[in-house]
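Here come two complexes built around chain A, the first alongside chain B, the second alongside chain C.
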Partner chain A sequence: MSEMWINMGPQHPMTHGLWNLRVKIDGEVIVDVDPELGYLHRGIEKISEDRHYNEVVTLMDRTCYVAGLAWEHLYIIASEKALHIEPPERAEYLRVMCEEFQRLGSHIMWFSAFVVDIGLLTPLLYGMRDRDLVLDLFQSYTGARMTYEYMRVGGVRNDLPPGFTDRARTVLDWLMARFDEYDKLTLGSDIFHKRCDNLGILKANDCIAHGVTGPMLRSAGVKRDLRKDRPYAAYDRVEFDVAGADSADVTGRYLVRMEEMRQSVRILRQVLDWLDRNPGPVMARELPRWLGAPYAPVGREGYLLKRNYPKGVGFSSIEEPHGEAQAYIVNEGGEHPYRVKLKSPVFSNISAARQYLVGYRVADIPPIMGSVDVCIGESDR
Partner chain B sequence: MGPEELRAALAPALGPSLVGVEPFEGFAARVRFRREGATELFRAVHGLGNTHLSMVAGIDWVDHREVLYIVWSDAAKQYTLLSADLPADDPHIETASGVWPSANWHERETWELVDITFDHHPDLRHLLTPDGYEFRPLLRSFKIHEPEELEVKVRHV
Partner chain C sequence: MAESPGAEKREESPILWVARPMATAARQFARSLWRPSTIVYPYERLEDPKFREKLEVKSGKPFGVGDIWDNYRGVHALNIETCISCNLCAFSCPDICIEMVTVAGGDPKHPKKCPEIDYGKCSFCGFCSDACPEGCLTMTTRYEITTPKRQEMVFSPERMYEIFRSKLPMNPIRLARPENEDQILLDPPLCIGCNACARDCPTQCITMLDIPKPEAKPGEKLPRRIWKEPVVNDSDCVRCGTCISVCPKECLFWGTRK
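Moving on to the complex of A and B:
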C-alpha cells in the first residue's frame, strides 16, 4: 500500500492539548512521525522580561496548568539564586509540600486521561474524584484550585490555615487506599495489558541521547531523580525511594508513576510532621521593597537596593511531575529579569516521538502518547 | 570534576578555542569557548561522561549574543555549562545535534526566537512560531508594548 501523511491534531482525542502529531503510515504501520508544536505558544519567556520578579509567578502557573506549583517552585529557586536571597526553612518545607501535592494532582490527572486512551472509562471518574480532594487542599491554603500564585521570591505568600495538616493527612490516607484500587482496575484488566505491554519501547540509551527524562527514563531502568541526585529545597531532609521499572514500555511508565505517587505520600507525611513541629516565618526577613512582597517586612536598606542590587545568574533544575525542568534566569540589576529561559521536560519527551512510535500501529498511538504525559502548556510556553 | 580538572581534560583537544573554564554557581564549571572549536568541544565534553544535553538557550546581549548548552553527567551528578559568544551581526555556530540528538529541537527553538543559526542542522524549521514568521521575539529589539508595530507578517508557504 502507498504511504501517506495524516494529521492527528490539533483537535484530536489523542492529543490532550493543542498540538498536532503528523504521522506517515503504510497501511496501519507508522513509518515516520513529525510532531508540530506552537499552537499554545504564548511567549511566556518574553513576557517575563517585562514583569517584576513576583509578577512572573502568575505566568508560571499558566506554564503547566496541572502542575502550576511545581513551575512556581522552579522559577522561584532560580530567581532567589539570581537575586541572592535565602528563603527561611519553613518556606522550603512548604514548597516541598506544594510540589509533592502537585505531583499527586498531576499524576492522578494523567491516570484519569490515560485510562480513557486505552478504553477504560470507570477509572477516569475515580481519578477525577480523588484529584478534587487535592485541589480542595490547595484551595484551603492558596485560595485557588488551579492558578495558585502562592510562592514569592524569599518565601511563600502565607502560612497554612489551622487544622490543615490533619485534613491533609486524612486525604493522604484516603489516596493511599485508592492507589491499590487503581491498580486493580488497570493491572487486573486484560484490556490494559493487551494495549500497553511491550508498546512504545524506548531503551535507556535512546532516552539519554534524546533528552528524555522523568518517568519515561526511570521506566527504562535509569534511576535518575533530581530530588535525590541534586537535592533542592528540603529534599535532602526527607526519606523516599526513587521509583523504577525495567520494561521501558507503556506499562513500565504506568508502574513508575503509581509508585511515585506512593512515594509522594511518604514524603508528604514527613513534611506535614515537620511543619507541625516547627512554626516560624515563611518569608525572608530582609527583602528589597521593590520586590513588592506583600507580607514581607521591608529591608533595612529599603528602596536603595533597587539601584544597587547585585547582578547574578540563577539556575534551577527540579524533578517536575513530567521530568527534568530547568530555569536559567539572568538578573542584570533591574526590577525585571533580563532573560528567563525555561526548559520543559515534555518538550524533550515529545521531540523523541520518532524513536518510540515508528514501527507500531496507528491504534497504538493513543496509549503510547498517553504514557508520555503530554502537557502542551509547558512544552510551548 | 572541578574547573581545573575540566580545563586539563579539554585543553589538549581544543587549543585556542577554549577561552576559559571557571567556577559557576549550580554547575561543575562554566566552559567558555570560541565557535570555531564547537564540534571538538561537544565531542570532548560528551566523551567525559556528559551524555545528557538538558537544554540549549540563547541570550541577546545587544552588542553580541550568547549561546548556552547545559549538559548533565550521570556519574558526577553535576551539570556543566558551555557558553560561546557570537557576534550580533553574524550569529551562527555549528550544530550540537550530531553529538547530542536532543539538541535538535532546542536549536530549532533558539534559532527562531533568538536568531542564532546552527550550521549543518538536519532540520532547521520553525517549531513554536508559524512557518514564515519573520520576527525573532526574544531579541531585545522586539518590544511587546508597542502594539501598532506588531502587525504580524506571515508569509504563506
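Moving on to the complex of A and C:
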C-alpha cells in the first residue's frame, strides 16, 4: 500500500480555527502528522509595543475569542509586576471571578464543538444556549459579550452592578443541573465510550516531554494546576479540588473538563459570597502617573520622556482554560511596554500531535483534535 | 489502563445506547415547548424594555435579559452642549478613529471641536467615554450600524447628538482619577506670557497673573516678553494637555509639585 499526504485544513470542519494538519496515511492508518500553524498570525506582540499599557488589554481580548478575560488576567498580572503596582483585594477577587466564568464559558464552548466532532448535534445546541447565560453575565458588568476590556493596570474598570451576585448564583444553579444533562447525553450512551475510550492516548511522561499542559496533562494522571501549585490573585483563598483522570485518552479529557466546570462553580460560589461581604475600591489609589490620565497630545510625546519611570520586568503564568499560559513583559521606562511575550498552551498541545495521532485511523482525528480544545487565535497571536 | 466511568454497563442492549440520551433530549424538548430560548431578532430585541418584561415572565431561563443592557458599550451618544473640546477622547483612542471636527457654537478665534467617530475602525472598547471628564461622550445600547456606504460609518458630532437626544440607556460608568495624578508645570525662564495656554484651555482653569518686571542691570538685556505667567487651577484641570500642545516655547510639561 502506498502512503500519501493529505491536508486537513486550513478550512476543514475538524480544525476549529485556521490551521492545517498534514496527515500521512497508509490506507486508513495515520503514519505521520505535521501540524502547520501561523495562518492567524496578527502580530499582537509587536502591536503591543506601540500601545499604552492599558490599551494592550484591548488586544489581549483578541488573542483568544473564547477566553478573553483569562488572557487579560495574564497580561495584567505581568504588567503589574513590571510596573510595581499592587491591586486592591477586591479587584483580585473580581479577576478570579472573571477567570472562572471564562473557564465555564470556554469549556462549555469546547463541549459544544467536541460533541459535533463525534457526531452529536443535539448537545451542541444545549451548550450554546447555556454559554449565552455566561455571556449575559459578562455583558451585565463589562459591557460586551466577546471583547470585554474589563481589566486595567491596578485593578478593574468598574465594580459589579447591583443584584449581580444573585443573578450569577441563579446561573450557577442552572448550569450545575445542565452539566448532569450533558453527561447523560454523552456518557449515558455506550456509543460515546466505544468512540472515545482508548483514543488519542498521551501518557504523562510524553505530556511533560512535549510541554503539554492543562486538561490534557491532568487527564494523564498528573495533578498539575497552577491555581493550586503556584497560586496567583486570590486563588490561595478559595477551596477547590484539582480535577484529574488516569486514562489519558479522549474520555479522560472529557471527564477532566466536566469536573473542572463543577469545580469552577464551587470557586465562584465562594468568590461571590466574598464579594457580597467585602465592598471596597476596585482600583489602586496610587498609579504610575501616566496611567491615570491620557498622556501627551499627539505629536508631542517627547514631553513624556522628561519623567523618570521605574523600570521592571514582569512574568506571570496562569491556568488558562486550555492550559498554562505565560506572559513576559519588559518595562524599559516608557509609557509603552518594551516587549510583550506571550506563550500559548495550545501551541504546545498541538505541536505534540504526532505523539497522540500516529497509529489511529483517519476517522479518529476529529475526536482526538476536538479533545485537545484548539484555539488558534491564542496559539498564533 | 484505568477504565473510564460508565464502562461497567458495557453489556447492555444497544437500544438503550440510543434511547437513554434521547429520553434526556425529549425531556428538554417538553420543557422548552412553549418557551423557546430563541429570540426572533428583528422583531424581538433584548434591549427593548417591553420585551424584557415579556421574556422574564415566559422564559425558562433563570435569568432573562433584565438590566444587563445598562452597561452595554454600543454606538456613542454625544452631548454637544456640554462638550468642552478637550481632545481627551481622541488621545485615549487605541484605534485612532476619533477626529476632532469643528461644530457650530464656538467663536471664530477659538472654534468648538467635537469628536467625529469612524465606526469602521472603532473597537467599542470604551476608553473614550471612560476618559471624558464631563460625561458628555457616553455609550448607548444601539449596536446596528450596518450600512452599504463606507462614508456612513463615520458619525459626525451632530449625528451622535441625535442619538443622545433619543434617550437610549447610557453606560453610566466613570473611572475615578488616581490620587497621584500629574499636574501641568511651568518652566518660568522660557515663558513669554503669550496667553496661548489660557486662551485654548477648555475648562478656563488657567489664569495669566502679572509678574514683576525686573530692573535691567547695566549691560544686560531683558527678554522681550509680556510680563505675565500662567497659573493652573489643579482642581478644575482635566489633564487634557491642550496647553502643552499649544505652547509656542514648549515651557509647560507634566510633573508633580513638591
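As a working rule, the second predicted complex is superposed on the first by the 365 of 381 C-alpha atoms of A that agree within 3 Å, B and C clash if a C-alpha of one lies under 4 Å from a C-alpha of the other, contacts with A are read in each partner's own complex, and residues count from 1 in each chain.
Please note the rule applied: contacts are C-beta pairs under 8 Å (C-beta built on N, C-alpha and C of every residue); 3 or more make two chains touch, one makes a residue touch a chain.
Just so it is clear, the structure is predicted and the values come from calculations on it, not from any experiment.
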Practice task
Quick one: name whichever of chain B and chain C touches more residues of chain A.
Solution key: C
Exercise for the section: Could you look at A:His41 and tell me whether it touches chain B, chain C, both or neither (first, second, both, neither)? Expected result: first
Practice task
Check the residue A:Arg51 against both partner chains and state whether it touches chain B (first), chain C (second), both, or neither.
Solution key: second
Exercise for the section: Determine, under the contact definition given at the top, whether A:Ala204 touches first (chain B), second (chain C), both, or neither. Expected result: neither
Practice task
Scan A:Met14 for contacts with chain B and chain C and give back first, second, both or neither.
Solution key: neither
Exercise for the section: May I ask you to decide whether A:Lys341 touches chain B, chain C, both, or neither, giving the answer as first, second, both or neither? Expected result: first
Practice task
Could you say whether A:Asp380 touches chain B, chain C, both of them, or neither, answering first, second, both or neither?
Solution key: first
Problem - First, second, both or neither for A:Leu124, with chain B first and chain C second - result: neither
Practice task
Starting from the residues of chain A touching chain B, keep only those that also touch chain C in the other complex, and list them.
Solution key: none
Problem - Complex contacts: residues of chain C adjacent to chain A - result: 1-7, 9-10, 12, 14, 16-18, 20-21, 24-25, 28, 37, 61-63, 65-73, 87-88, 90-92, 94, 123-127, 130-131, 139, 171, 173, 175-182, 239-242, 244-245, 253-256
Problem - Contact footprint of chain B on chain A as seen in their complex - result: 37-38, 41, 43, 45-47, 50, 81, 208-213, 222, 224, 229-230, 313-317, 324, 326, 328, 330, 338-339, 341, 343, 347-348, 351-352, 380-381
Practice task
Could you pull out which chain A residues touch chain C in their complex?
Solution key: 51-52, 54-55, 58, 120, 122, 126, 129, 132-133, 136-137, 139-144, 147, 149, 154, 157-158, 161, 163, 167, 170-171, 173-174, 181, 184-191, 193, 197-198, 245-249, 251-252, 255, 283-287, 289-300, 303-304, 306-307
Handout entry: Touching residues on chain B, where the partner in the complex is chain A
Key = 24-27, 51-55, 57, 59-60, 68, 70, 74, 77-79, 81, 100-102, 104-106, 113, 126-130, 137-138, 142, 144-145
